[in-house]
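Chain naming follows the written order as A, B, C and D, and within any one chain the residues start at number 1.
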Amino acid sequence: MIGIIGSGVMGMSHVATLTGLGGAKVVAVSDPDAVRVAQAAALAGGAKVLSPEALIADPSVDAVIVVSPDAKHAEQVLACLAAGKPVLCEKPLATSLADGAAILRADAGRGLVQVGYMRRFDPDYVDLKQHLQAGGAGDPLLIRMIHRNATAPAFMVGTQGITNSMVHEFDILRWLIGEEILRIRVQTPRAAKQGGLIDPLLAVAETASGILVEMENSGNVRYGYDIRTEILGSAGALMMAARPATRRQTAAGEVISHPADFTQRFADAYRIQFQDWIAALAAGKTKGAGSNAWDGYVAMAVAEAGVAALQSGDWADVSLPTQF
Amino acid sequence: MIGIIGSGVMGMSHVATLTGLGGAKVVAVSDPDAVRVAQAAALAGGAKVLSPEALIADPSVDAVIVVSPDAKHAEQVLACLAAGKPVLCEKPLATSLADGAAILRADAGRGLVQVGYMRRFDPDYVDLKQHLQAGGAGDPLLIRMIHRNATAPAFMVGTQGITNSMVHEFDILRWLIGEEILRIRVQTPRAAKQGGLIDPLLAVAETASGILVEMENSGNVRYGYDIRTEILGSAGALMMAARPATRRQTAAGEVISHPADFTQRFADAYRIQFQDWIAALAAGKTKGAGSNAWDGYVAMAVAEAGVAALQSGDWADVSLPTQF
Amino acid sequence: MIGIIGSGVMGMSHVATLTGLGGAKVVAVSDPDAVRVAQAAALAGGAKVLSPEALIADPSVDAVIVVSPDAKHAEQVLACLAAGKPVLCEKPLATSLADGAAILRADAGRGLVQVGYMRRFDPDYVDLKQHLQAGGAGDPLLIRMIHRNATAPAFMVGTQGITNSMVHEFDILRWLIGEEILRIRVQTPRAAKQGGLIDPLLAVAETASGILVEMENSGNVRYGYDIRTEILGSAGALMMAARPATRRQTAAGEVISHPADFTQRFADAYRIQFQDWIAALAAGKTKGAGSNAWDGYVAMAVAEAGVAALQSGDWADVSLPTQF
Amino acid sequence: MIGIIGSGVMGMSHVATLTGLGGAKVVAVSDPDAVRVAQAAALAGGAKVLSPEALIADPSVDAVIVVSPDAKHAEQVLACLAAGKPVLCEKPLATSLADGAAILRADAGRGLVQVGYMRRFDPDYVDLKQHLQAGGAGDPLLIRMIHRNATAPAFMVGTQGITNSMVHEFDILRWLIGEEILRIRVQTPRAAKQGGLIDPLLAVAETASGILVEMENSGNVRYGYDIRTEILGSAGALMMAARPATRRQTAAGEVISHPADFTQRFADAYRIQFQDWIAALAAGKTKGAGSNAWDGYVAMAVAEAGVAALQSGDWADVSLPTQF
C-alpha cells in the first residue's frame, strides 16, 4: 500500500502508472493544492488525502513515493526513514550536500531509500550496458551523452541544467561503467542563455580509469526530446537505439518525429522501475534495483562540481566523503 | 477475476503479463499438461487448476482468456457465451468458417467476444493510423506489409503462413483503412518451401475502394522478427517506425539487432490490450477496444480466400455473409 | 570524338558530363531546336551543329550518343550501325519490337550498340550485386523494387509508367540475378491515375527459376525521387543503400530530403557509364560494360507483356525470340 | 598541363582521378622511387619523369600538384611561387609556422596557392552549409565533429592525430561558420595510445563568437571510416548525411558497412576539387574555390595550439599574425 507525496504533473503520472500495475495500490496522496490532490485521489480510485506527515505516519501506508518540489525531498525522505518506511524519492535526493549526507547517515545499514533515476530501467540503456559488458567493443575510452529537451519548463533557471537535468547523465554513466567521475568541466556557448537558464551546456568529465565523457545538456532544441549515448571502446563502438516514430513523406520532405518529452521517452522506464520496486518490497527487500542513497548523493556531488566548473571556467574535482 | 485456458508458451506469458497489471487477478488456469498448469497456477500467485468447462463455469471467474490450441477455440468461446462471460480469444477465432459463424450467431447483440489481434494496441500502429487519418499523405493507394519471423515454429505447416500468421495483416489492414478486402492473390517462389511450410508468401489484395495491398509473410528470415508497414497515398507516404536496438560497430561492420520474435516486438501491444480489456470490463462494458467476433470471422474468411488463391494461382474473392 | 543527337534536358546534361571527363570530346551535336542546339554546341566548347544524318556520317565523329525522342531511337541507331559506328542509345532502344528486332539483326556479330541503362553503373547497385553474389543471404526468393518520382513529366501518359520507367527495373533485375522474367502482372489502384498517366503501378513478375519480384512504379509521390531494392534470400536479406541528405531538426520535426530526381540520384551512374564507354572504345572495344542490344530488346519485350497484363488483368507471358 | 610531385598512394590516386577528367592532362611526374614514378607516368598515359625542380621549371607544366611527404611541401610550394605557377598542395601546407609564413609572404597579392582540404567540395558538407546558411536551425551554438579512421597508418605517431588529421576539422569548421577558432583544449583518455600515436583525441574549441565545438579524432575504430558533423543552433539542429552501404540481414543480425577509408568516402570531393581547380585555371584564375595559403596557415596555427593544449592540459590560445 503506497502513499504519494506530490500531485504535480509527475505525481499525477505516477498515480496513473501505479494504478495500471498489479501488486500495489495507492492508498494515500498529499499535495497543498486541494484541486490537484483531489484529482490524484480520484485517479487512484479513492485514496485518502493527507498531509505529508500524516501520510508518512499512516498505518495503511507501507511505502512512500516522494515527488514533491525538490526543496522538500530531504525533509520528507528523513521522515520516512524515521518511520522506518521504504521511500522512492524523485531526483535530486536533496538540494544541499549537507542534507544528502544526513540522509546517508539515517539510511546507513538500512537501505530504505531509492532515488528515481529511472533510466537504469530503460530497455535501451539496459541493452547498451549488456553489449558493453559483452565486450565486443573493448574497453570504453570516449563516451558521448546527449540530453535534449524540446522546451525547458519555466522553473528551470540558472545552473539547473546541471543540478536538475544533467544529473541523469551523472547517474547513468556511473551505472554503465561502474566507476566514479573524478573531475568535470562545464561550458556554455557565449551567445546562449535562454530566459534565466544557462543553456545549452557542454561538459567533459574524466573518470577514475581515465575515460573521457562528453555531455551535452540542451533545454530548448524545439524538435523534440532526444537522448543519445555512444561509447567508443578500444575495439569498436556502441550506439544506443534511437526511438523514432512514423516517417511521413510529403512535399515537405521526409519527416520523423522525436518523442515530445521525457514522460513519453521514458514511459517504459518509469513503469518498469515501479514494477521492480513493488516486487522487491513484496519479496521483503527494502528497495528495488535502482539508485540508492549513495548514488543520489554522488549525482549531487558531481553536479556541485559542475556548477563550480561552469563558474570558474576550469576543471572542478568531485569531492566524495569517505565517511559521513 | 480472470480464468486462462491454456498454459503453453503464450498462455504462460499472458499469466505473467496479467500478474504485473492492476485491476485484475488470474484466479483459475486450465491445461491438460499437469506440470505446466501447475507452473501457471504458481505464477499467478496460487490460481485454481480446473478443466476448461469447470473454469468457465466457476463463479469466481468473471472473464476468460482462451489461449488453447486453435482447434479448441470455437468450442471454448461458445461455452463462454453460453455462460454469458466475456472472453478474449487468441487468433484465429476458429478453424472453420462454420464454427466462426456459430460464434457470430451466439454473440449477436451481446458483444462478449474479443479476438486477440494485439497489433491494434501497438503504439507504432496507433501512430501510423493517426498520421493516416491526419491526411497529410492523402488517400491510400498502395500499402505494403512485411511480416518476417526469424524461424517458423515446427507446428507451422502447409498454408498456415496464411491462416495463422498473415491473418494479422488482414486484421490490421482493415483497422487501418476501415474497409474490406474484396479479393486476394497469393504466391510462393518456386524454390521455397521450408520443411512442411509453404514459405515465403507474397500476396496482393484489393480492397473495396480499389487500394492495392502487397503482403509478404516469411517464416525463416533468420535475422530477426521484422514488421513493416508502408502506405503510399495520393499526397505522400507513411512508413511505420522500426524498432532498432543498440548499434554495435566492430571490425565486423555496424550491426543492429532486430527483435527476436513477436513476444519481444509486441510486448507493449499485449500489455496495453489486457489493460484496455480489464478497464473496459471494470467499466461495465462487455469487451475492450480490440477486434470483435466479426473481425475475427473476416480475418478467417480472407485467409480462406488466400488459401484458395495459392492453390488456384488466380484471384480468389473474399466471401462475407450478409447474415448468418 | 563523340557526336550527340538530342539537346533536350538529358542531352544537355550528357554534354556537360562528357565535357567534364577526359579521353573524349563532344565534336558535334544535333537537335531540331536551333536555340537549344546552339547552347549544347557552346557547352561542348564549340561543337559542330549538324543534322542527325550528317552527324552520324561526319568523319570526325567516332561514336554517337542517341538522346533524341523515343520515336527516333531505332532509325538513328540503325543509321549508326549502317555507318559502322559505336552508339550509346538512351532507353528504350526502340518503340516497337519490330524495330528492336531490326536492330538486333543489324548488330548481330558486331556488338556496336549499348543501351543507356545507367543503373548498372550505380555504386549502390554494384554493391548490392556483390553482396548477393557473395552468398551470405543465400539464393534470392523475393525481390522488391520501388521506383518513385516526385512528379511525372507532362509527356508521360497512358502506360508509359511501364514502357518508359519500369523498364529500368526489368533491366537491372536481369543484371542482378542473371535470369529472365517469364511472366508479369501489373495493376493500378482503382482511384489512381494522375492526369493522363496510369499511376501508380504495382507489378509482380516471376523469373525462370521461380523468384517472385514485386515492383512499384510511382510518378507523383511528391517527397522526392526514391529508389529502393530489397532481396529476401534463403539465408537472409539484402537492402540497397539509401541516399539520404542532411537531417534538419526544427520545430517541424526531423526532416530528411530525398534526391530531387533521377539526374541527382544517378549522377554518379551516368558519369561512370560514360567513363566506362569511352575507355572501352579507346581500348578498341565496340561497346562498354552496359546493356547491349539484346538487353534493350528484352526490356521492351517485358514492358509489352506488362502493358498486356495491365489491360487483361491477368498474367502475361514474356515472349522472347530464339532467332530474329 | 599538370605536373604532379609525389607518386605515393595518394599521388597515384590523383593521377588516376585527373586522367579521368577532361580539360587537363598530367604531363610530368616526380618521385624518388623509380618504380612508382614509372607507374605514375604510365598511368598518366606517358608523362615525363622529372626531378621536382625540373618539373616545376618545365615549360610544358602550367600548374603543379604537390603530394610529396609533408616535410617537402613548403620548399616545393615556394619553388612553384618562384616560378609563378599555380600550385595545389596537399595538407598540411608546411610543417612549421615559419615556413607557412614564408609562403604567405611569397603568395601575398598573387593567390597562386591552394591547399587540398578537399572536404570543402564534398556534396554532404556543401549541403550542410547550405542548410546552415538557410537559417532554419538558427545561429550555431554547439558543433560536434567526429573523425574516425578504421586503422591509423604506421607513419602516424605522437601528436599527428592533431597536426595531420584533425586539421581537416579546423579547416572545414572555419569554412562552415566563417569565423576563427580562438582557443582549444585537447585531451586523450588515460588508457588510450595505440602504438606511438596518441589516440583517440577529444578536443573542445571556442570560436570568435563563442560557439563551442567538440571534435573527436580516432585512428583505430576498426569498423570503418566515419565522418559526422552535427550543428546545434538556436532554433534547431542539423546533422550531416551519413554514407551507408547495402544492409545485409543474416543470422548475424543486420550489418551495414561504412566506407573503408577517406579515399572511398571523399572520392567525390577529390574529383570535384580537381574539376573546379582545372576549370578555374582554364578561366584565367590563379586558383580554385578551395582553401588558400592563409587557410592552410590557420589550420597549422590551430594545430600548434592543439598540441600545446594536449601537453599543458589547459586551454591554448590560437595565435594568428596580423601581418607577416
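Criterion: a contact is a pair of C-beta atoms (placed from the backbone, for glycine too) under 8 Å apart; a residue touches a chain by one contact, two chains touch by 3 or more.
Each chain and its UniProt protein: A, B, C, D = Inositol 2-dehydrogenase.
Remember, predicted model here, so these are calculated numbers, not experimental data.
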item: Interchain contact steps from chain B (Inositol 2-dehydrogenase) to chain C (Inositol 2-dehydrogenase) (minimum; 1 if touching); value: 1
item: Most distant chain from chain D (Inositol 2-dehydrogenase), judged by the mean position of its C-alpha atoms; value: B
item: Rounded Å distance, chain B (Inositol 2-dehydrogenase) centre to chain D (Inositol 2-dehydrogenase) centre (Cα mean); value: 56
item: Chain centre separation (chain A (Inositol 2-dehydrogenase), chain D (Inositol 2-dehydrogenase); CA means) in Å; value: 43
item: Centroid spacing, where centroids are CA-atom means, of chain A (Inositol 2-dehydrogenase) and chain B (Inositol 2-dehydrogenase) in whole angstrom; value: 37
item: Of all residues in chain A (Inositol 2-dehydrogenase), the ones touching two or more other chains; value: 221-223, 235-237, 249-251
item: Chain A (Inositol 2-dehydrogenase) contact footprint on chain D (Inositol 2-dehydrogenase) (complex, rising order); value: 139, 141-142, 144, 148, 187-192, 200, 202, 204, 206, 209-212, 214, 216, 218, 221-223, 232, 234-237
item: Contact set on chain A (Inositol 2-dehydrogenase) toward chain B (Inositol 2-dehydrogenase) in their complex; value: 18-25, 124, 127-128, 131, 136-137, 235-242, 244-251, 268, 275
item: Chain D (Inositol 2-dehydrogenase)-touching residues of chain B (Inositol 2-dehydrogenase), taken from the complex the two chains share; value: 221-224, 226, 249-258
